[in-house]
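Next up is a structure, given as structure tokens.
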Amino acid sequence: MFVLVNLKAYPCDPVAVAEAAERVATEHGADVAIAPQAAHIQAVAQSGAETWAQHVSPVGHGSHTGSTLAEAAADAGAVGTLLNHSENRLKLADIDASLDAAERAELSTVVCANNPDQIAAAAALGPDAVAVEPPELIGTGTPVSQADPDIVRDAVAATKRVDPEIEVYCGAGISTGEDIAAAEELGADGVLLASGVAKAADPQAALEALVD
Amino acid sequence: MFVLVNLKAYPCDPVAVAEAAERVATEHGADVAIAPQAAHIQAVAQSGAETWAQHVSPVGHGSHTGSTLAEAAADAGAVGTLLNHSENRLKLADIDASLDAAERAELSTVVCANNPDQIAAAAALGPDAVAVEPPELIGTGTPVSQADPDIVRDAVAATKRVDPEIEVYCGAGISTGEDIAAAEELGADGVLLASGVAKAADPQAALEALVD
Amino acid sequence: MFVLVNLKAYPCDPVAVAEAAERVATEHGADVAIAPQAAHIQAVAQSGAETWAQHVSPVGHGSHTGSTLAEAAADAGAVGTLLNHSENRLKLADIDASLDAAERAELSTVVCANNPDQIAAAAALGPDAVAVEPPELIGTGTPVSQADPDIVRDAVAATKRVDPEIEVYCGAGISTGEDIAAAEELGADGVLLASGVAKAADPQAALEALVD
Amino acid sequence: MFVLVNLKAYPCDPVAVAEAAERVATEHGADVAIAPQAAHIQAVAQSGAETWAQHVSPVGHGSHTGSTLAEAAADAGAVGTLLNHSENRLKLADIDASLDAAERAELSTVVCANNPDQIAAAAALGPDAVAVEPPELIGTGTPVSQADPDIVRDAVAATKRVDPEIEVYCGAGISTGEDIAAAEELGADGVLLASGVAKAADPQAALEALVD
């Protein structure tokens, strides 16, 4: 199971979380990555943790002031990117163009969406993975795998109908190892986490509780 | 005169440009800053050059995936930020909120706009500086100070009517020391540059030609 | 005092509200206008009521599918338009361009904003009027004139400093004649209303209570 | 073959075009519809022509100033709506929500997209039809069926893999009966037209040339 910790714009120390993730990844053989603010990618990547961008813009090199260039994120150390997170919804055409941008920069891609229909739509654009995160469960502490197991099952089925190679992650409310086990049982290949780790008093303990 | 070099999403080496800027700033006593991609802020700031963000989001700490948090930009070494560049136009309410965000993170602020009316509007929101850049002249090589001197004069007058403390920069087509001198004569306190330096074969020579 | 009733996307009968407004305007000599959905402008205007658009796009004639063309709104009978309502915030450059579009179509203009700084910014763009509506009071039933009289006073002062000819309206929570009188005393030239009339069981009675 | 004439924000007389469409539909047994500005829906529908909206917002009844409410469009006489036109690209989540809104208002739906991948994505959201319109051919006079027949064939194949019930239209550069015949041969069920009819000196003749 892939564990992607989204630091959003939280007031955490991104390097401390990254170092905790790196230790947990090494000690437990877990597949853990950290998605910090773009301005923190370099510092997080230098910690040795697998580093992701939270977003890349649907553009290539050129006159795009204020964009988040995929090549710049890769340059700073990112190896993947989230796209279309519920806090950063994109136009359909821009998800397509951001996927192209990420591919040019050799970043792995996860396209988020709300429900199985949108997951199928996202899958049709050819990302490496999709992630279903019911917005109403984000930040609630109630795991999606328990509150709405069907949405995970349906997202997996919808994705595999489009392309069995695309991985499926789920998010919202995941905070324990049991939540991850439940997600895996529903067919998910990974999970998205955020506040449960980023806001934890002890991020390493929080991550260990997950991957054990 | 303040010289802000906007690297946009250009395929330049941001650290090489920053080092050139830092040498020119030191050797010529010039006031030069570099605005790279957010993911390059840390590397650029580590070169010793004055580093600016190209944009910050109208948010504070919180659940804002994919945002450009002012605090993260500051953390990585930025001391100022552009806002509302013509390639990244913002909602009026978001310029206001991004100015608040920048102030919380102790970033200097320059709000860009197209014409004197919009410059007056931008000034009313209380930035440290405004910048007038007629979009039709961006990237043309024809300096605004020559193609449309009245827009610079009118922008200065409009700004000073709102608040004489707010500095006024101009941009578009600036590439020689004469362009800068002309801008200064029109009342500008600084200039915005981009391709003229970022795409130059020898950025240091390009900057020296400007500040001499 | 000008009374502008914004029907938003409420499930009301726009013609019934317009006819009530027209009767109240005629019988009480009141200055009342109705802002329906664009698709309802023609039917509302045919009722004889003064009809406003809720928004016009920052474009002129051309290839702009899905835009709200100022000329089409005027054609259908609108004589004015709201711009930058808190439910439809616009880019600074687009407020400027929408004002140009409205002027070409001979529509009166009211630019909404949250606070006195943004009101000054809006005024700098040269609309016929501005409207201050603290978003946190919209739909509360607590009139802005009572909850935050200073914001109205400051908005009036900020506007008059820019151009004494620009009218100032206020909105949020206005539902009684006393609220309107209080707004007038604070210097406002008009008020924006919405649910208090649009969702009233008897819109005519609701309007009469206001203008008496 | 369904022929949808998108009037965009063109300076045409929408009722004159609608009357021409209505005559051609009646005399030639053709399936022709007109998509005017929202503010013109009522006048166009009253001409007897089949009337479509150019866009509906991803909202239901409520506090949505400046939205294009599907129910208001239907009320005024629209029976269908375009969504995600290349001049009005929408967020993936908003296409989904606008489809829900259109369904509640009993409007037929056509979701536009640039390329077969995006067409498959659009189809996954369950519209009545999709339309492929390569942006680079819009307004060129070169029919997509001739310039890029594969994009039409691939769009048809991609759609039918998702759901054989979903119709496929194509657009860009269609202006003659031969273009329509070619589109039909490639598997399209309809075409989108715009300037060829809307800007024609004689819209009826332009439409007759198409449907003959």
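Residue numbering begins at 1 within each chain, and the chains themselves are lettered A, B, C and D in the order written.
Following the convention adopted for this analysis, a contact is a pair of C-beta atoms (placed from the backbone, for glycine too) under 8 Å apart; a residue touches a chain by one contact, two chains touch by 3 or more.
This is a predicted model, so every value here is computed, not measured.
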Rounded Å distance between subunit A and subunit C, as computed from the means of their C-alpha atoms: 43
Length of the line joining the C-alpha centres of subunit C and subunit D, rounded to whole Å: 33
Residues within subunit C bordering two or more other chains: 86
Touch-based graph of the chains, sorted into line, ring, star, complete or other: ring
Pairs of chains, among all present, that meet the touch criterion: A-B, A-D, B-C, C-D
Complex contact set, residues of subunit A against subunit D: 84, 86, 89-96, 113-115, 117-118, 120-126, 158, 162
Of subunit D, residues touching subunit C in the complex: 6, 8-11, 36-43, 53-55, 57, 59-69, 71-73, 75-76, 78, 82, 85-88, 138-139, 194-195
